[in-house]
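The letters A, B, C and D name the chains in turn, as written, and every chain counts its residues from 1.
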Amino acid sequence: MDLYVIGVVLLPLIGFLINGILWDKNNRIVSGTIASACVAGSFVLSIIIFLSVRAASVGERSFLIHFYDWIHVDALKVPMAFLIDPLSSIMCLLVTGVGLLIHIFSIGYMDEEKRPAKYFAFLNLFIFNMLILVLGSSLLTTFIGWEGVGLCSYLLIGYWFEDSKKADAGLKAFLTNRIGDAGFLVGLFFLYKLFGTLNYQDLNVLALSFNSPESLGLLTAGLLGIFIGVCGKSAQIPLYVWLPDAMAGPTPVSALIHAATMVTAGLFVMIRLSNLIILSPTAMAVIATVGALTALIAAIIGTCQWDIKKILAYSTVSQLGYMVLAAGVGAFGGSLFHVLTHAFFKALMFLGAGSIIHALHHEQDIRKMGGLKKTMPITAITFTIGWIAIIGIPPFAGFFSKDEILWSAWAGEHGHFLLWFMGWAAAGLTAFYMTRLMVLTFWTPSRSEHKAHESSPLMTIPLVCLAVLAIFGGLLGIPEVISHGLGIHIPHFLNEWLDEVAYIHVIHGKVSHEIILMLLSVGIAVFGAIAAFLLYGKHQDTRERIVSKAPKFFELVSEKFYVDELYEKMILKPLRLLSESLWKDVDQKFIDGAVNGSNTSIKKLGQGLAAVQNGFFQNYLLFMIVGLIAILTVFVRYI
Amino acid sequence: MDLASVFFWILSIPILVGAICVVFSKNPLFSALFLVLSMVGLGALYFQLGAHFISAVQIAVYAGAVMVLFVMVLMLFDRKAVESEEAAVIKNSQFKWLLVSVFLGLMLGLIFSQSFIAGPDTILPEATSVVSTKELGNLLYFKNILSFEILGLLLLVIAVGVVSLSRIEGGSDD
Amino acid sequence: MDFFYIFFQVIKMLVIFLLMVTMVPLLVWVERRGSAFIQNRLGPNRVGPLGLLQLLADAVKFFFKEEFVPKNGYKTIFYLAPIVALIPGAIAFGAIPLGIPLDIGAFNAFGQTWGPYNLGFQSFELGIGVVFVLAVASLGGYSLLLAGWGSGNKYSMMGALRACAQMISYELALGLSLVGILLIYGTFSFNDIVNMQEGPLNFSIGQKDIVIGFLPNWGIFFQPLGAILFFVATFAETNRAPFDLPEAEAELVAGFHTEYGGLKMLLFFIGEYGHMMVASALMTTLFFGSYHIPFVTPDGLLSFLNSFMGAGFAKWIQFLIFHISFMLKVIFFLWVFVWVRWTVPRFRYDQLMDLGWKKMLPWALFNTVVTAVAMLLLA
Amino acid sequence: MTDLLSFFQVSLNHYLALGLILFTLGLAGVFIRKNLIVILMCLELMLNAVNLIFVAFSHYQGIPLGQVYVFFIMTVAAAEAGVGLAIAISIYKRFGTIKMDLLTALKG
């Protein structure tokens, strides 16, 4: 097992090194093949690890693989170790599996690229860091990967750094994440103060026996600190602003990092710490509220965007809000479930968007698309599958996971009607804007300047694979209601699988309630879809009338509620003023003055002392001997 | 008075005379020759102390190589540059002599103070064994191999450095 | 450590020193007659039979020469140099065993019993003999330097510097060429080395012992390259032709001893021949079985002699035979010295340095490494 | 009389004292002499004094390791002499003298 784990982690690193060396010998096929082969090897090893974890008996599925002690200072002992358990093995599978498909897609997508080796090197480095994040046995090891994926995200968003806007987008992502990371670190400090360890296994054990109301405040503070980090990485209010801008990067990157894997890292950490989170009702409430608000607001913004990738980005933010909401209401299994299904269909849709953008010569405005159903049949079919999955039509993947979350929000002990309502409304809006996207892109006549054509097999094969997963991913967690209703007993695989490493609480409510809720969510999805279909299909004039009734509101929405401008005015401007005054008044006058003053005074002292250095080395020796004699005198006197 | 004492007192005469003359000879060449005398005497003393191999190496390396080098270099210089009046310098540095004497006195005081090392009354038991070359070699090549290798490296560096140093062309300030 | 022990030691030292000093006139005669023989001349043949007394006449002449010091010279150093020249050779020679050890049985004197004594035929017995000889021999450079400096003469100085640079350069090759044979013997002690060369050639490869009966167990068969390198290096060390650059007549008049004459010159001669004898003795001891005679063991010889003479007498005869065996080998190498001097032309100075640094040193290193590796593999 | 005899009876301290005197003489030479080469010689003398003390301690305490250090010191001393003399030669080439009281170019 040890060897497999080392292989899983090191293969992408090797790929990174090889491609890093090939950096200036650019050959798309060669570097792409190397990178894909490394990730493929990693994927195969992940499967082996997953199977061997499965083969272990229940309750003994955690393996700690210790390499060496990374930090050992007094009581703080951080081993460099990997924790293989159901959670990390399934995440490993997700990262390497989706990563592999996107690597292959990239070979086709990056065909006009000037430095593909660099691109693939970064992709491999990302996979490596993500695996460290997922496999780390302690919060600190995870934090290495956490920072590493942040770095890769920055590098890949700003991959086309010749365009200063894209470079700025990378910088924005990086800086926003720094705020989150600061919170994360503070959270770490609190948790360490409270428990004296950062190892997941120890934390879980300690959490089960946690029984001191007086330190609940400390725990809540620590968890909220970590949640700030999660907000940064998983794009929650108020730190979600970087994710839409991150679409400046190559589309496969958006699919891999900003939809499927990296942004779910926050959820991963929350599931890891689920036994702790569940102890603090305050933290739960905050998390759930933030998640629900994010889901709703992002969905609202998504309805008024015209850039295909921006729509998908807001959709991602919204779906991440769902996942956080799930965590907040204690449905950690549902959260991971949605992570998985979302990874499949959102990666699928991003890659589909990539295929479209590639075919239309980097045109991203959906107003200038249309009619692609005929010209790009495979893309259209797979995209449609993704669409059905995301709006939550059974039996596609999205339905099951979304339904589980909504059910928990309604019936769970931490749930609330308002939370459910926000999630439910967001589901409707999701159906609305996704259908709008479908209508404008595929079903209306072409408005494009370019003649589109189907993409190469390198790009369509990953699409097909992901489409299959998007269809059948829901089988991982079929709710009991349905399986009972069908008369067969299919266990909720995911919940059972995670039971020994996370807080899994299956809610048993009234069956009738559950079925009604399911029908309600399917209903609003269908309603949203039909509304969009009509408003953007045949009844465009109706839409314009609606918009003209409340132009201010729609402007507000399409300008994303002016959040960026708000941040600019409220935070950046005062910060800039403060920095300037610090620079001009404090630094230049006070600190520089002190430094220069000490400099000149030492210079003067040196000029005075230089007289002693008269060039006769024997005089220097004289000083030495005088000193020696002084020391010896002390010796003779006292010893 | 055993044989060791006899050897010691006999050998200390050339050693000390040599050392004194190194410092006081006006002619550097005589300094060098007296230094050779002193070193050969020390070599003999090492032999008496059971360090046979070190004794031979002392003569071969110090007397046979290092000091020959000194004498050769002295011969390379202009005779007048080397031999100029130094007696006055030696005489006119009473303060420095005083300092050195104080140093000597303090150190002797340290050595013979009871608490530091065994004084005259508590003579350490005399170890009579002779250290064989094999024993020395084992110490040198097994226990201290790293130091040995580093010294080898040092010698290589020195060899290159000396060659490049002595190839520097002369000339006045420019 | 009693009176007679010290007495015998002192006698022994004197005998060996005198042996060495009396060899010198003989060698001078060999050199002059030998050169004449090689050059198809007669050489000194008037005084005494075969001209053997010529040396006596020369000695008398040396004694009556005028003692003088050059005007620019340093008197002390000028006189010191020839004395220093004598010392290293004499001391080094004393450490080499010249024959089989002599047993002196217990005897009565001054009212008590003394002995028995076992006296090795060498001035002093040292565990580190080889290193000691090399160390003392390295002091030989001083006499040349002192002579060159003390003469206050440009040519002398130049010769001295050349000689010294040459000796320092070849000392490396000299020392390294011996490392191989010392690795094989595993000791620095001359007596151990001598004892190891007794009997027929035998060695072991792995577990197998191999004996080659028709060859003696001499070092030359183990280290032919080392022996050649060592012998060549000794030529340079003794400043003999073809390495007699320090006294190259055509360039430097007579090098460091330009200003010397008379008795002081004679001392230089003794010093040079002393060096040659040390070199030959070392060659004999390390590579040619020292005093051992091929196919004859000391015990066998003793029992053979015992068969027709008294035990005490036989011991002395045995002692004498082995000493003569040693001296014959030494004289052979001394003859090689003479032979080479009158056969091979002198090197140029840069050729000399090239040979020393770029040929002999690498070969000696190669020899050392090969020996070490071979010993490791065959052990 | 017995005091005198016990003074002549050598012990470790005698060697230490001899080494110390040699060291001090070397120090005085480095201190007072002006000729660079003589100064280097005096340095060698000081190193020799240290070697003597090493060997003496090694002998009297029965620890052969002391001799290994002597070996090292000798190597370093030889290296030091080589570099020192090379520097002396270059100084002589450049300034035409090796008198330390004339070489004050490093004056502050």
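Couple of notes before you dig in:
Basically, a contact is a pair of C-beta atoms (placed from the backbone, for glycine too) under 8 Å apart; a residue touches a chain by one contact, two chains touch by 3 or more.
Note that the coordinates shown come from a computational prediction; the quantities given were computed from them, not determined experimentally.
Here A-D and B-D are compared, and the pair linked by more C-beta contacts is B-D. Set against the C-alpha centre of subunit A, every other chain centre is closer than that of C. Here the spacing of subunit A and subunit D, counted between their Cα centres, is 70 Å. In terms of their C-alpha centroids, the spacing between subunit B and subunit D amounts to 5 Å. Our note on geometry: subunit B versus subunit C, Cα centroid distance of 30 Å, whole angstroms.
In whole angstrom, the spacing between the mean C-alpha positions of subunit A and subunit B is 72. Counting partner chains per residue, subunit B has residues 53, 57, 65, 69, 76, 96, 99-100, 103, 107 touching two or more of them.
Listed for subunit D are residues 27, 31-32, 101, each touching two or more other chains. Each of residues 618, 622, 625 in subunit A touches at least two other chains. Only residues 618, 622, 625-626, 628-629, 632-633, 635-636, 639 of subunit A touch subunit B when the two sit together in their complex.
Put simply, subunit B touches subunit D in their complex at residues 1-2, 4-5, 8-9, 12, 15-16, 19-20, 22-23, 28, 31-32, 35, 38-39, 42, 45-46, 49-51, 53-54, 57-58, 61-62, 65-67, 69-70, 73-74, 76-77, 81-82, 84, 86, 89-90, 93, 96-97, 99-100, 103-104, 107-108, 111-112, 117-120, 123-127, 129, 131, 135-136, 139-140, 143-144, 147-148, 151, 154-155, 158-159, 161-162, 165-166, 168-172.
Subunit A contributes residues 609-618, 621-622, 625 to its touches with subunit D in the complex. Residue ranges of subunit B in contact with subunit A, taken from their complex: 96, 99-100, 102-103, 106-107, 109-110, 113, 115-116. On the side of subunit C, the complex with subunit B involves touching residues 77, 126-128, 131-132, 134-136, 138-139, 141-142, 145-146, 148-149, 157, 160-161, 164-165, 167-168, 171, 188.
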